[in-house]
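Notes to accompany the following structure.
Labels for the chains are A, B, C and D, by order of writing; each one numbers its residues from 1.
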Amino acid sequence: MPDASTTLTDLREIVRRFVEERDWRQFHSPKNLSMSLAIEAAELMEHFQWIDAAESRRIGDDPIKLGEVRDEIADVLCYLLALANELDLDLSTAICDKMVKNAAKYPAELSRGRYAPPPGD
Amino acid sequence: MPDASTTLTDLREIVRRFVEERDWRQFHSPKNLSMSLAIEAAELMEHFQWIDAAESRRIGDDPIKLGEVRDEIADVLCYLLALANELDLDLSTAICDKMVKNAAKYPAELSRGRYAPPPGD
Amino acid sequence: MPDASTTLTDLREIVRRFVEERDWRQFHSPKNLSMSLAIEAAELMEHFQWIDAAESRRIGDDPIKLGEVRDEIADVLCYLLALANELDLDLSTAICDKMVKNAAKYPAELSRGRYAPPPGD
Amino acid sequence: MPDASTTLTDLREIVRRFVEERDWRQFHSPKNLSMSLAIEAAELMEHFQWIDAAESRRIGDDPIKLGEVRDEIADVLCYLLALANELDLDLSTAICDKMVKNAAKYPAELSRGRYAPPPGD
């Protein structure tokens, strides 16, 4: 089931089943899940801690390291899906709504090649 | 486009276009994106910092707070999708592969109601 | 050398020597050290992830867990001292200056028992 | 009171008084403080997010940016001191004990210029 044919709901259901089979919803308060997300994000960051940006772009050259990074990314996504399940939030519409705000804050023509809101914003 | 009918590729394309229209791939090294992810995860966590687990489960009662949390969740997901784009990783198969490992580490019958690998693991 | 008789400079020198003996300043850019700090803070947080606030106050009852938490706290402090060394910042005056700002933002009489700036701020 | 003449206890007392004057110990469970620490570390990291390691070494050239970074570092340290206060941990001996472990894990002669435990470790 590749990304091209997998819906967000498909992935959410995989996580939901895993959590329910273990009776883990009792631990999955949004507070705790937000901590889990930050912890997994830090574990992902650890793989890039002592290398520079250019080296980090070549991490795919090393299949073992890429596999580790892939597992950490999956962990972050799992907790994000678990959090969306607990809060009953639709992720796709959340992203679309946020992208509208982002586009207003960073107009394409004024933001080309600069990672900051335009002057005067 | 709700989660039930939106594929991971659909969302990845939204992020990819946003980044390309602004010529931001130059900033999007995996190292930098892993930092962004951790920063956004911390901003999400901030909403739950001083409340307890039970209160955090009721955050949906306050539409304004829920909206803020929803925006932070969208930010985390956007950076995660941007990172998957840079590393050319399929998220759906990454999750499925990781879930197989998780199921081996936390067998359902031995992990019911306990959030730790079974004794002797 | 307990806290009562150890100066910040004493601890900074311990870290400085450790780093110099290993020729590690080349890795210690402020960017990298800020990542290290966030990573170690997440490792500390991991010890409190699935327990509630009340349980976390009793962590000292378990000498093994307290020892692990103590090591993580030491790691965070080491990187903070390394960062102060690289940026040549005096931590004591930085804290005092920040505390003046904090006291203005959270006046004692208006902030008793509430963890937010007073209304209208 | 510069670092050369300020003890860890001096700084801990500043934080302790600030917290007590506001009756904030009720919020300062180790769980919550570990979240605060991670949140402040992320805010610090934000200043280095889109610049490279070399630029981050020159942050001191910009007094305004350096002042912002200095405030974030102070925030991290404040929460670390608050956590040490809650757990009644001596930071100086914690650092010294951890440094003995670090020196065993990263022997100076085998770790010169490499940021990883020696092979076979």
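Following the convention adopted for this analysis, a residue touches a chain if its C-beta (ideal position, glycine included) is under 8 Å from a C-beta of that chain, and two chains touch if they have at least 3 such contacts.
Because the structure is a prediction, the values reported are computed rather than measured.
Novice: Check B-C against C-D and say which one is joined by more contacting C-beta pairs.
Specialist: C-D
Novice: Residue numbers at the chain B-chain D interface: does the shared fraction exceed half, giving same, or fall under half, giving different?
Specialist: Both copies touch with mostly the same residues.
Novice: Distance between chain B and chain D based on Cα centroids, please, to the nearest Å.
Specialist: Distance between chain centres: 27 Å.
Novice: How far is the middle of chain C from the middle of chain D, if each middle is the mean of its Cα atoms, in Å?
Specialist: 3
Novice: Enumerate the residues of chain A that touch no fewer than two other chains.
Specialist: Expected reply: 27, 32, 35, 38, 41-42, 45, 48, 50, 52-53, 115.
Novice: Considering only the defined contacts, which chain C positions touch chain D in the complex?
Specialist: These residues of chain C touch chain D: 1-12, 14-15, 18, 21-24, 26-27, 29-32, 34-35, 37-38, 41-42, 44-45, 47-48, 51-57, 59-60, 66, 69-71, 73-78, 80, 83-84, 86-99, 101-103, 106, 108, 111-113, 115.
Novice: In the complex of these two chains, what residues of chain A are touching chain D?
Specialist: 35, 38, 42, 50, 52-53, 115
Novice: Write out the stretch or stretches of chain B touching chain D in their complex.
Specialist: Chain B reaches chain D through residues 27, 32, 35-36, 38-39, 41-43, 45-46, 48-50.
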